[in-house]
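Structures given as structure tokens follow.
The same chain A turns up in both complexes below, where it pairs with chain B and then with chain C.
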Partner chain A sequence: MKNKKNLVSNILTYLFLLLFCAIALYPVINVFTISIRPGDKLLSTSLAIIPDGATFNSYVELFTNRPFLLWMWNSFLVSGVVTFTGVALASTAGYALSRYNFVGKKSSMLGLLTTQMFPATMLLLPMYIMLIQLQLINSYLGLIIIYSATALPFCVWQMKGYYDTIPYSLEESARIDGCNKWQAFYKIIFPLASPALVITALFSFMTAWSEYIVAAQVIQYTELFTLPLGLKSFESRLGAEWGLYAAASLIVSIPVVVLFVVLSKWLVSGLTLGSVKG
Partner chain B sequence: MAEVKLLNVGKVYEGGNVAVKDVSIEIKDKEFVVLVGPSGCGKSTTLRMIAGLEEITEGELFIDGKKVNDVSPKDRDIAMVFQNYALYPHMSVYENMAFGLKLRKFSKDEIDKRVKEAAKILSLEDYLERKPKALSGGQRQRVAVGRAIVRKPKVFLFDEPLSNLDAKLRVQMRTEISKLHHSLEATMIYVTHDQTEAMTMGDRIVIMKDGIVHQVDTPLNLYNHPSNRFVAGFIGSPSMNFVEGKIIQNNGLEFQSNNKKLEIPVSKNPERLKNHVNKKVWLGIRPEDIFEFSSRPDSNNLNEVNTKLEVVEPMGNEIFLYFVIEGEQFTSRIPAREKPNAGSNINLYFDSSKLHFFDFETEVVL
Partner chain C sequence: MKKYLHLFLSLFALLIFSSCAREKDPNQIVIWHTMRPEETQLLQTQIDRFTKLHPDIKVQQLYKETELMRSGFIISAMAGQGPDLVYGPADQIGPFEEIEIIRPMNDLFTPETLSKFRKEALVYKNGRLLAVADKLGNHLTLVYNKDLVQTPPITDKELIALGQKLTKRNEKGQQQFGLVWNYTEPYFFIPFLTGFGGWVIDSLNRPTLDTESMRNALGFIQDLRDKYKIIPREADYEMADALFKEGRAAMMINGDWSWAGYQNAGMNIGIAPLPFITSTGLYASPTVAPKGYSVNINVTDEKLKKVKKLLDYLLTPENMIEVALATKTLPTRIETLEDPRLLNDPILINSKRQIDLGTPLPIVTEMRAIWDAMRPAYQSVLGGSITPEAATKEMQLTAERKIRELREEIVNPLWGLIVQIMMFLVVITMLIMMRKSIMNFFKYFKRDSFAYLFALPAIVVMIAVIAYPFFYNIVLSFSNMSLAHLRDWSIVGFVQYAKVFSEPQFYEIFLKTIIWTAVNVFFHVTIGVTLALLLNKKLPGSKIFQVILILPWAIPQYIVALTWRGMFNFEYGSINLLLTNVLSLPPVEWLKSPLEAFIAVIITNIWLGFPFMMIIALGALQSIPKELYEAADIDGAKWYQKLKNITIPLIKPVMIPAITLGTIWTFNNINVVWLVSNAGEPADQTHILVSYVYKAAFNLYRYGYAAAFSVVIFLILLIANLTFLRKTKATESVYS
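Let's turn to the complex of A and B:
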């Protein structure tokens, strides 16, 4: 009797989960379907996942006749530098804010928080003017500065919050064991903060990887396009190349998925378990 | 191994908070010194200044004859065991112990030899590959001790290392650390708030309160000759009984409590109190110097007091009697025998040769 009841509840649970999986996966599948439709059936309303006359032409087109690989490299370059900057600056700034007392500590933290209250679009104009004056229009440096500035406040705050949970006696112990302050940081505290570092890295990467609005203002030359700009260029006044659009969208999302899977192994809690009496 | 000398050392925090005031202690080579006092007395701050984790704002600190006020912790050649163990959670037990040696560029063989030696002493050989989270509290604290001894430092510092352990483990680790002190012949400075730890482990004890050193002496001297009322009350369990009163001249000097409930002649060194006749003083007497009828010693110094027992606590080998004299809680410690009843009246005998007197204002011993 009990087994039967369990079976029914299991089936219901799985049905419920399947339903939500379907809701989550449907758009992705749909995009995939569109990407393999032959050119003459792009606006078809058929629900078949594999359409009649399926073809990978869009993918081939993307990599052969369009500068897609170049855009991808551009995006990797920008996102990579933003990620590196984010991790390097947020991990050290967060550490300073967590461990040291200095004049202006409180106000600088509040200042960082305040920047988060303005929508990015509002900052577009002043940023654009600044970049013009710095002659950084059509340069990745301009883009990287803006992306880093957008991502850093959040990253610094969350790194600081994480460092706060690491007991101070670990550094003290390291310093007595023979570390100077810097060694105590990178040999002991830095490895222990890896869950927070992963979040910082992911957040910085995502900030740069999928950003369109700022990039559209700063970058105007096709050869400098990042992926979101490239994708948008498949759209013209007369219509959109939906096949290319869909194929590119899928490929763009792959690095993000891979990054999540690879980094998730570091996203574990309880790293400091056992170090001190809790 | 080395001696440690603090000369008028003080610590003032930003904002003027004084944590430690004018501390001067000379800790000899191979000595085990315990800093003890209630929480907030500055004992940990003093230890942390010796370690170099707190800046010394006044005075001088010498380790092995060298002034180290401005020397960083890593160059002071000290090792410290923290209350919360402070093990590196991402390293195995072996790596935890080897860390300090690696930083000091010891050869692999030497590191291996020292770590295995320490592991043997501390019975950690089977746990070398484990991470701290897979160890029990006692094992973690042993790793913390091991991390200190592999370095063979000049001075060992212990900051309340046993207070996170349960009672049984604490007693066990206490004897282990004492044994370690004998086998390593090292200078050790140990901070605790537990006077039993202080009494049992220390060659000498430094008693602190409110950032000031009240007395530095051997455990027995502290117990028998406390320099003031605080030390007298802090050392000993149950603690010394106190009652206020005055010294009067009456066929020799006599102590009289405020309401004359206690009138005891001063039978030992009455001259010391000559200048305090008709002045207020504190009388102190230890619980074991108050006897009941059947176990009282044969002595001319006993003074009978009739009182009502409030609480009776049988401890097995002894019994604690609690009673009140002139509003002050008194304790007597008597050998175990038939238990007297709480609420009953009983004659107790105060040994007048074991009295301590303290100035009423300054609380300094007379």
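Let's turn to the complex of A and C:
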């Protein structure tokens, strides 16, 4: 009886997952079709996945005639540092906000949230003036600081939320065993929060990886371009190089997927919290 | 963990060494342009040749999207920086000239040099030479597929007759059209307006939209679609382009930018002037704009010499002809027009015929207001929701209002002082209210030093980045900063706020924004959590599902959003094909009616957003000890009881921040609306607050108004979130 019920529920689960995978995949496949369609057509009246005269020229062109690898490297550099900064600052700040009561705690939490409420496009003009005065135009430092600030509010809040689910008793016993505050955090709680760290890392990475508008203001030299800037250079209002654009978009998403696959070990890692009575 | 730390640290070191701020190089000339990719490549080749001749000068060319070019150049030039040269169609120069960010070039060229250019190529205003063009064009013509059309039509009657003959099923059984083009966009409609004797603006820069000619022209387009049925029911630029490229449209109305692309795609095309309108005796006359270079006002005299050298080189007859032949655009030097290579090119010859029949595009800033005013009413007529009479009246009134807004003068010196005093009072009250906290901060700083050590770095980064721009905007929202007062703006009080609230559309769009946010967040969370729960069963193959399901998040939004737009196409989109063929439902005109278009935008955004919530939920589920479920099983709990009593309460602390921020982001998410509905189409009916403020304010340079609008958006979100947080107590830890 129980087994039969399980079987039915498993089949339903698979069906549901398959349906959503199909929904998730279909537009992506469309992008793939554009990338191998000859003649730079964004749309087509045919629904064929493999278009007539399919060609991988766009991919070849991307790696041979365009500085695509350079842009990719630049983006890795920026995103890597932003990820590191995001994880370092959010894991600590989230911890303080979850575990300690201090003056200004509530306003800091609200303050972080309110930074997200102002329409971002309006902040561009003053931000640009600020960057010019600090001489951070055409420098990755300017980008990294802005991206970190963009990613932090979410990361801090979400780290805080996750720490909240980890019982206090863990640190208490660690402190009794002779750990200091830092050790209790670093040795006990930090590893336990790995699912949240994975999300923080992914989110910080994505913030930097796909951002275009700020980058377009800050970076003015082709050799400093990050991927989104490079991607946009294939496009113009009427008559873009859609083949290249689509091919590049797919390649751009590969590192994100790889990162996710690598990190998902820690994202879904059945923690043994059972030993502690929450 | 150690391993990764090392990797990150070395990355960090590399970064510090590789790219500290680059000094401004006095020998480097920077050009911003809006050229198409193949033009850009040619420009680069010519620059390379130039730098070989002048090794002491470096040149950097940079493509900018039209809008970013405009806003970016204004921002940076006003800050005393920016590129040395900007290149683009002359109509962008209007605002640049008014803000005084381009340097007149009268002294750079001798009258003798200037006399060698066609007169349209030299853009003057008030006697000042603002741009020198190397290309003439941006004009629409009739492009025809020579495999389907032997002789192009000359008159509108011939066009219709030929169109009807060619609108049929082709050999493959597919629907073929006589004519296609992006007719829903006013720019692509102008030739018919002129053909019926109308125009959009008079010599005093007043709109002239409410005319008999306009109504006749509107009627003509409707007839092409409904009476003669020679054009598709729905066609944006990309769809028209696809139909023409696939040989399923015999003729297309498109600009000089497209011809080279059709030839490169292997098509046998011909170019002909747009038809002669028999009832008026006029030719349909497209707008013609020169495209050329302007000099940034901030260029120093020293550098100007180098810039001049570069300009001279790029404007040589030889280089112009090279560009003309490769990109099928018309050069501007008189001597080049006699060159046999050009005279032997049938496309260029016909293009020149069309240009001679064209209408110059005025470079005044008012033109933006006119385009913006025409678009909604024009699209409503095509959609059948208003009559041509009502539409032309509405166009005229909207254009007049927008021009008033553009030129409005608000000065009130008194308010400057009042607002300053008010702000001072606000700061003082805040300090008084917070005095206890501030004193406590110092008192307990030592006790809480560990917490501060952990919390402050993140907070300091945030304040450093956000504080200045934020307060700058607050100040701006009380100001009259606009095209007329871009540099000399002053505080004028609450005028801009009053404008925001007296905008009749504000409330309607506010309601739409709430619906937009609620529906999106609801589906993001429910779909995300459901998928996470299913994945968390860890059935065989879950890993693969997981990876596929995050794809919508991983792939760059821009191109997928455009693919979705294609999927919503009435005739060829996969969604309608699914509806009609599989589910036997009637097809939906997704992008033409306001409600359906809004639903289409929401569907796209749900697709883009669910993976994010799924990942968060997946992470949250890991914090639930399995023992709880085991205990519940022993007690014989049903699945929904476990969901309600264990899962939901325990993932709440992690989900609440994600949902709160998700709501804020969705509320302010401009991208998807912009891309899928093509900036609010049809008829500006699919806007949410942010896209509306962006379009309404930035198109007309109303920065003070936009700032006030943004502050209102900010306050709405702030109040909503404070209420929400108080209810959920999310700032407090579950254990405290």
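Definition applied: the second predicted complex is superposed on the first by the 236 of 278 C-alpha atoms of A that agree within 3 Å, B and C clash if a C-alpha of one lies under 4 Å from a C-alpha of the other, contacts with A are read in each partner's own complex, and residues count from 1 in each chain.
Going forward, a contact is a pair of C-beta atoms (placed from the backbone, for glycine too) under 8 Å apart; a residue touches a chain by one contact, two chains touch by 3 or more.
These figures come from a predicted structure and were not determined experimentally.
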Exercise for the section: Determine, for the superposed arrangement built on chain A, whether chain B and chain C clash or fit. Expected result: fit
Exercise for the section: Could you tell me if A:Ser264 is touching chain B, chain C, both of them or neither one (first, second, both, neither)? Expected result: second
Practice task
Examine A:Thr121 and indicate which partner it touches, taking first as chain B and second as chain C; both and neither are also allowed.
Solution key: second
Handout entry: Centroid geometry (CA): angle chain B/chain A/chain C, rounded to a multiple of 10 degrees
Key = 140
Practice task
Name the contact category of A:Ile36: first (chain B only), second (chain C only), both, or neither.
Solution key: neither
Exercise for the section: Tell me which partner A:Pro167 touches in the superposition: chain B (first), chain C (second), both or neither. Expected result: both
Practice task
State whether A:Ala247 touches chain B only (first), chain C only (second), both chains, or neither.
Solution key: neither
Fill in the blank from the handout: Across chain A, the partner (chain B or chain C) reaching more residues is C
Practice task
Look at A:Ala216 in the shared chain and tell me whether it touches chain B only, chain C only, both, or neither; answer first, second, both or neither.
Solution key: second
Completion exercise
After superposing the two complexes, the shortest C-alpha distance between chain B and chain C, in Å, is 7
Problem - Residues of chain A that lie at the interface with chain B and also at the interface with chain C - result: 167, 191, 270-271, 273-274
Practice task
Mind listing the chain B positions that touch chain A in their complex?
Solution key: 51-53, 72-74, 78-80, 82-90, 99-100, 103-104, 131-135, 137, 140, 147, 151, 164
Practice task
In the complex, go through chain A and note every residue touching chain B.
Solution key: 167, 169-170, 172-180, 183, 188, 191-192, 270-277
